[in-house]
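Heads up: the structure comes next, in structure tokens.
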Amino acid sequence: MKQFIAFVKKEFYHIFRDKRTLLILFGMPVVQVILFGFAITNEINEAHIVFLDKSHDVATDKIKDKILSSGYFRLNEKTPRSSADLQEIFREGKVKVAVVFGQNFYKNMLTHQSANIEILADASDPNMATTLTAYVTAIIRQYQAEEQTITGGLIGTEVKMLYNEQLKGVFLFVPGVITVILMLVSAMMTSITITREKELGTMEILMVSPLKPGLIILGKSTPYIALAMINAVTILLLAWTVFEMPIRGSLLLLLAECLLFVITSLSIGILISTITNSQQTALLISLMALMLPTILLSGFIFPINSMPLVLRYVSNIIPARWFIEIVRSIMLKGVGLEVIWTETLVLAGMALLFIVVSIKKFNIRLG
Amino acid sequence: MKIIPFIVQKEFLQIFRNKSMLPIIFVMPFVQLLVLSYAANFEVKNLTLYITDHDYSAASQRLVNKFQGTGYFQLTGLSSGVQAGFEQIEKNEADLILQIPFDFEKNLYSRQPTDLQLIVNAIDGIKAGLANTYSNAIIADFNEEISAELPVTQVMRRAVPIQIESHNWFNTELDYKTFMVPGILVLLVTMIGAFLSSMNIVREKEIGTIEQLNATTIKKHQFIIGKLLPFWLLGLAELTFGLILARLIFDIPFEGSLLLVFGFAAIYMLVVLGIGMFISTVTDTQQQAMFIAWFFLVIFILMSGLFTAIENMPIWAQQITRFNPVAYFVKFMRMVLLKGSTFQDVQYLFGAITLYAIIINVLAILNYRKTSI
Amino acid sequence: MNNTYAIKAENLTRQFGSFTAVDQISFQVKKGEIFGFLGANGAGKTTAIRMLCGLLKPSGGHAEVAGFDIFRQQEKIKQHIGYMSQKFSLYEDLTLYENIRFYGGVYGLRMSEIRERAEDLLKKLGLTQQRNLLVKSLPLGWKQKLAFSVASIHNPEIVFLDEPTSGVDPVTRRQFWNLIYEAAHGGTTIFITTHYMEEAEYCNRISLMVAGKIKALDTPTGLKTQYAAESMDDVFLKLTQQ
């Protein structure tokens, strides 16, 4: 046991001596959470708009006023004189939507002929276009309703946003950031540190020491478990204090699940290190086979439901997918183990599988 | 100047001889392009909807049909109870619940106010926002239809006819891939360029050959240029393949001039490689270089407008993106490829990226020391 | 400028923080001489050689290499020297010929010169057959011989060799020294560090470094007489025990 403790100490020294890597390990989660929280948002915020008004009458002025005072739009300094100008204005890139009023708008409205409005949106960003068009349409409809002076008969809608009333993007991203960081620290760092010992030849020396191979691996991973858990707690604290993200379920359960995921990731890291011999290869495998799928296919940023079927199947073999589900459920929905036991079992199963395979590989190497 | 071709030749030999790097350079980007283009999809078309209908009338049925007919929603269940819907939301089987109240039809036809309820799983705020927008548009439409059908009474003026027609320019089918692919191409050349270049000089440090080179008369700029050129060519070649795939597989329109695209890419690659070289000169091991490159890439990419629009960020964050070369290129690609913007439209982007290229490469050259202090 | 000396050093010093790696060393190396720098690992040999090659800035003292000041004219110095670093300095993933071509190019030779010298060099080393093999497939001794030839491909006035023979078997080591003699015979000054005491016998003059200081400097015979020792090993032992 004494030897083991000495060994773990040595690993900690290695980590703390490399200040740059350490800075990144602790700095990355903070920067990511803050960026995601504040900057990464899809809320429409003053989209540039232009009007091409062929009528210039009371009605069009009123509609324009209503649109500009809604808070979603801001009048661009360019004024189109004809439809041809619009093409030009869109190309410059700033203006996202244009509203074109047909001729004799107010007159047509009064005489019950059709008064025409065209909404043109820059749909190179489809979601933005859809949302902006919907906003403009809603504002015009509202104007229309006011003019009609019809009392009653309108259907109201009451909207209830569950789990995230203010639609904060950070609620979606925090579980993902935790996942990526835990994966990075536990899988990538472990695989690199073990292959490094192999590369330097110090692994051989450790192998002939009285410590059992299992203990060596455990000793090498212990510091990373600690680092990973510190990171997880940091992110949770940030999310809680800065972004007021709730932890509706049990904190203890959440931390236990984090630990489970760390162990799963560690076992992957160990597996990678048993099949590679150079740091560079370990690094690239970690990056390509772990980090990218974790970011892309886990539902971290992109909803799994919108993916083609093949990718939805692929996402099932990615541990991060299950962990993100667990974190979201505990933090936002406040559920307990009775709801997320499937996900938990899948993670535990994966960990077991990777560990067994690593031991097999390890034994073949020794034998 | 005669020295540079020798360095370029050597770098190419080393790249093509490294068996573990080849797939990373030549296969990975295209797998990424394919996977990312399909995965990076904020398109919200298949929202799962549970409807709780307390009314069970012709009118409520008509509303249900209207929701189903739009193609945005997929009905996962319909009942008169509330519980089942909530359970589906908890299990992620449904994204939202629409509750139609008792006497919906009666109130509607007697012009009494009536309230529908939308309950949305808002963990994914983006999705929830869109779900809300779509639903409200459908309900507003439904409202219009109904009031047009109702008999006009004396006290009421006739409905005010406003025809709204909307057009989606530059991407009429609202295909999300059209939007993402030009940006993903940027991502690919950026990642390859930054990783390869950041690990390059530091690798010579690790294996010790840098000492040998530093003891020769080689000039700093010759060294950096010789190292940059191969990756610069690789990056542009990769972009070319990427563009071909984008055209063939994703049917991305090339509205603007390709010459303009390559002109910009040529300068942009200098920026990416310059950053990589700079990282390479300040680190001692490939592991460190990799981490630092990763750290900055994540920030650059997230703040590039590739996944979320820069216009929607808070002002301070928008200011930060001014220092982000990736943001410039993403913007440029979308403008030129999708909208056919001309040089006049994008000249300020050219100016910014050129300035960036000069600064970062001068820094990389200055920071590379042949003589240690 | 005194034309008879290739290297002159006066009180050359280098500190890393509070640790003095090289402590006020002074010596002169004559043109065409084989000058040995001996000492245990960590005695400051590599630090000294890196300063002389313009790879490391000295903290104090004064030195000239090929008539150029090592504080201000590092790039001038580099035109006149060849250097073979302690770490293996060829590219393992390039072939013999590709390595020669690359370094020839970096040293500013023309393609025709490179081809010519590559042929000579490979023939001299008996590696013509292996010219298209990757360097990593060669045994260490051959690699070192090749590295030396590559470091002097541009016929420099002075060649600096940092522990070129460490880890190499005695037979190959002997062959390596033949190459050195040949170069010295052609007028090249050789500055070599080693921790093999028997190699000291091969040098014209040697200096013995202990803990950053030069403890003795003379011809091998001179030193043995001075310390009444039978071999250089004895000289070294006596010196360190002082």
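We call the chains A, B and C, going by the order they appear; numbering starts again at 1 in every chain.
The criterion applied here is as follows: a residue touches a chain if its C-beta (ideal position, glycine included) is under 8 Å from a C-beta of that chain, and two chains touch if they have at least 3 such contacts.
The model shown is predicted, which means the values in this text are computed figures rather than measured ones.
Each chain gets a centre from the mean of its Cα atoms; the one farthest from the centre of chain A is C. Simply put, of B-C and A-B, more C-beta pairs touch at A-B.
The distance from the centre of chain B to the centre of chain C, with each centre set as the mean of the Cα atoms, comes to 55 Å.
One simple way to say how far apart two chains are is to compare their mean CA positions; for chain A and chain B this gives 13 Å. Residues of chain C that touch chain B in their complex: 50, 53-57, 74-75, 78-79, 81-94, 98, 101-108, 110, 134, 151, 160. Of all residues in chain A, those touching chain B in their complex are 18, 20-21, 24, 27-28, 31-32, 35-36, 38-48, 90-93, 96, 108-109, 112-131, 133-135, 137-138, 140-141, 143-144, 147-169, 171-172, 192, 196, 278-281, 283-284, 287-288, 292, 296-297, 301-303, 305-308, 311, 325, 328, 332-333, 335, 339. Taken together, the chain B residues at the contact with chain C in this complex read 2-3, 5-7, 9-10, 13-14, 17-18, 207-209, 211-218, 370-373.
The touching residues of chain B, counted against chain A in their complex, run 20-21, 24, 28, 32, 35-36, 38-46, 48, 89-92, 108, 111-130, 132-137, 139-140, 142-144, 146-147, 150, 156-172, 174-176, 178-179, 199, 283, 286-288, 290-292, 294-295, 298-299, 302-303, 307-309, 311-314, 317, 320, 331, 334-335, 338-342, 345.
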